[in-house]
Amino acid sequence: MIRLNNVVASYRTARGSINAVDGVTIEIPDGCILGVAGESGCGKSTLMKLIYGDVTSPMGLASGSIEYGFGDDKGRPITSDNIRDYWFNRISYIPQSSMNSLNPVVKVGKQFVDFPGSDPDKKRVLAQVRDYIGKLGLPVETLDAYPHQLSGGMRQRVMIAMATFFQPQLILADEPTTALDVVVQKDILLLLMELQEQMGNTILLVSHDMGVHYQVTTRMLIMYAAKAVEYGDSESVFAAPLHPYTKMLISSLPTIGDDSARDGIPGRPPSLWQDLSGCRFADRCPLATARCRAEEPALVEHKPGHWAACHYAGEMTARAEAA
Amino acid sequence: MSDLRDTTVSPADLAAAEPAATAPNQRHERASWLWLLNTRLVLGLIIIAIFLLGSFLLPFFAPHDPAQQATYMKNLKISPAHWLGTNGLGQDTLWYLIFSVRNSLILGIFVGLGISAISTAIGLSAGFIGGAYERIVMLIVDSFITIPLLPILIILGALIRGNNNFFTIGVIIVIFGWAWNARTIRSMVLSLREREFINMARFSGAGTLAILVREVFPYVSAYLVVGFINTILFAINTEATLAVIGLSKVDVPTLGSIIFWALNYNALFTGNVTWLVAPIIATILLFLGLFLTSTGFNAAFANKRGVA
Amino acid sequence: MAVILKTEGLNKVYRLGSLTRSREIRALNDINLHIESDRPVIVSVVGESGSGKTTLAKTLLRLVEPSSGRATIYDQVVAGAGATARGRAFLAAVQPIFQNPFEAFSRYRPVDAYLHETAIRVAGLDKAQANDAVAAALAAVGLDHADVRNKYSNQFSGGELQRVSIARALIPEPNLIIADEPVSMIDASRRMIIINLFRKLKEEAGRSFLYITHDLATAYYISDFVAVMSKGTLVEFGPAKDVMSNPQHSYTRLLLDSIPTTRTRWRPRGAKAA
């Protein structure tokens, strides 16, 4: 169980401080695939960085804490202070652009065995790696190739192999398939799901594609303007979203075979530089009332296992069904 | 039908522009030139301003033509009458220095403008028009680049020794100095040519000249400013080098010719250190000013683009 | 019936390498399209990266010369041998919308400068008429001229800039607007604003669109016709509904299969966590 306790991440700039993640409190059960969705600027990437422990100035964990629920070899608990020591071991990260993450002048195999603190017997590690990547559908020659000689899909598989080789408890994937063709994307996503089933770890997946979330995730977290606005089982969130933003987000995406009218969400999220009071979605929300603008809704469990931060949770879905 | 009208662009909206796809930050609320200023640039500009104003305004107050020899007693020490003393030719060192700075600057600016104009025109056109035109032009440019300037000038100087016009030197420096900048500008244009807004301008009906002036030029203007200042430096330096060897028109006071005369009249041996040291320090300071201005502009432009 | 778009044996071969050793890349491989209609249409060209769809767009926009073959838009030969459309006549007939709205405008010019330029140079209007035309075009895409005047590209969001781009393309009332991945750089929740705009412009302003994309879902949503490309070859073409519901080519089927939809799951849900 990973616990985020009122996590606030701020960026310090010449203009002042801005909270890119403004108080997120959720519990992530073990063994789930959690999808994090929201438009650009909502804070999902910052949240990923926080959880991963990639916190460097000007970003900082202003307040709150993260409990990871897993310990090191001696059973001591790991917290946000020492999570960096366990990169690739207990927690790993699959980036969006594999081309930017692999050293272009070093062969892939060498990059694998060059992890600090890994087994000093490089040959043995290499043999294990060779076995492992075979399972991921990569030919053995991959290890002898340079990154630019591989296709995008193969490179991303290499990244996944690196991220999962030490069987970490938590894997963070930030838009892992956005740069890939749709056919390759499906293969990669299926691979990730398979690995998760085998290893039983937790995956946090950030994507702007709600279709990907629907296919892959078991739980969903929707973020808006640095706040968590909905959190629950994917089934529940997709079938009956509680927050109007989630509903509008899902309806803004066309699906093949579905002729119903689709609309983009007009307007833009509020600037985080302003003084924000009340619900941050109020300006764009069709259900907004005076109460929404004055009183910020808390993330409340409206249905078992399904949280939403809205005074009128569930109403938009109810209205749509009645219509 | 959904309301297509986005919320009108208000100041709040401006501040909330999506970070993922926003162009580098520009604040149009500030005065248009304030972003330029940084310590380095201000310092450099102050130094250049002092040299420019001093060397262009002070000559109006000169009591005599400083180049005229035997105006005063030779090798006088520093005194209230002669702030830097006099030199071995009986000239007031300070006044000679002021005129020298002026002439060097005139030469530098003349050459700077000449080289900038030619290299910009050639670089822009070659990079943008491409094809056979570009190939022929670049062949010429590359030939000029490989010709070493100094040996040519030395040979020419030796051939026409003493009989050359001061501005002939300038023209020769322009002829052999434009090629390098032309090549740089052409490479900048090559990459600009592929950018989407050039196509947009084409489809808006703009012709080649309009595109070069309105679309391409603003993007190379930053380089041009820096290049211009560097060229001034280069020109003054080259002329000084020639003068020191005695191949320029040394009766015209320039920074290089002072050093030439000082060396030829054994300034160090006669104890008139000021004669030799003053122009050297002046040259160093002037170059420092030019360098600071050039890198100051560079830093300012880089900041504006958002590159640290 | 007007011939909206016709390509005959359109080929584009790129040769990489030196004089002695070179490699050929067939970006376009014998593309034959024939689209006729008496009403404006939206044609989508879908494919993955490397399929040739962008090369096709560039060829039709005359940014790239085809190696062989011909292309005709509304009875004007635009590419290949015998291209009759030249200069202003071409610009008035075919207009583009580019993928990256921030790259489409120079940082140093106000965005409405491009609109005015188009109105005066391409549409041939005088200054007063141009002003009206610009205002009308901006209104058609849901923007107020006063909000756009004298503003620079960095003062807009991606979606707004793309709409300005569309407005500019509308001004000369072109026969065909070629949009190359117009929404891929816009936030997913705001894409439909632009996509719906295309449909509205087709129906109300009578503009035909060629919509290049890798996103089959949006392609299906607004298109009358869909062309599927793979590795430089046109593998399938037909009315959108037919191609989507009854794909003939195996690649099209593979493509449709791979799209993550929110309707049917690829795999049944495994045991859920506590």
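A, B and C are the chain letters, set down in written order, and residue numbers restart from 1 in every chain.
We adopt the following convention: a contact is a pair of C-beta atoms (placed from the backbone, for glycine too) under 8 Å apart; a residue touches a chain by one contact, two chains touch by 3 or more.
All values reported here derive from a predicted model rather than from experimental measurement.
Novice: If I average the CA coordinates per chain, which chain comes out farthest from subunit A?
Specialist: Looking at centroid distances, B is the chain farthest away.
Novice: By CA centroids, point me to the most central chain in this structure.
Specialist: C
Novice: Need the CA-centroid distance for the pair subunit A / subunit C, whole Å please.
Specialist: 32
Novice: Between subunit B and subunit C, tell me the centre distance in angstrom, where each centre is the average of that chain's C-alpha atoms.
Specialist: A distance of 47 Å separates the two centres.
Novice: Roughly how far is subunit A from subunit B, going centre to centre by Cα mean, in whole Å?
Specialist: 53
Novice: What parts of subunit B, by residue number, touch at least two of the other chains?
Specialist: Subunit B, residues with two or more chain partners: 2-3, 6, 13, 18, 20-21.
Novice: Hey, what residues on subunit A touch two or more of the other chains?
Specialist: Within subunit A, the residues that touch at least two other chains are 40, 263-264, 266, 268.
Novice: Which subunit C residues touch at least two other chains?
Specialist: Residues 157, 159, 187, 193, 196 of subunit C each touch two or more of the other chains.
Novice: Please output the residues of subunit A touching subunit C within their complex, sorted ascending.
Specialist: Residues 29-32, 39-40, 181-183, 185-186, 189-190, 193, 197, 208-212, 214-216, 218-219, 233, 235, 238, 248-250, 252-258, 262-266, 268 of subunit A touch subunit C in their complex.
Novice: Within their complex, state which residues of subunit C touch subunit B.
Specialist: 61, 63, 88, 91, 95-96, 98-109, 114-115, 117-118, 120-122, 141-144, 147, 151-160, 163, 165, 168-169, 185-187, 193, 196-197, 200
Novice: Spell out the residues on subunit C that touch subunit A in their complex, using ranges where they run on.
Specialist: 48-49, 157, 159, 187-196, 214, 216-218, 220-221, 244-245, 254-263, 265-267, 269-270, 272-274
Novice: Show which residues of subunit B lie in contact with subunit C when the two form their complex.
Specialist: 1-6, 8-9, 13-14, 17-18, 20-26, 28, 195-197, 199-206, 214-215, 218-219
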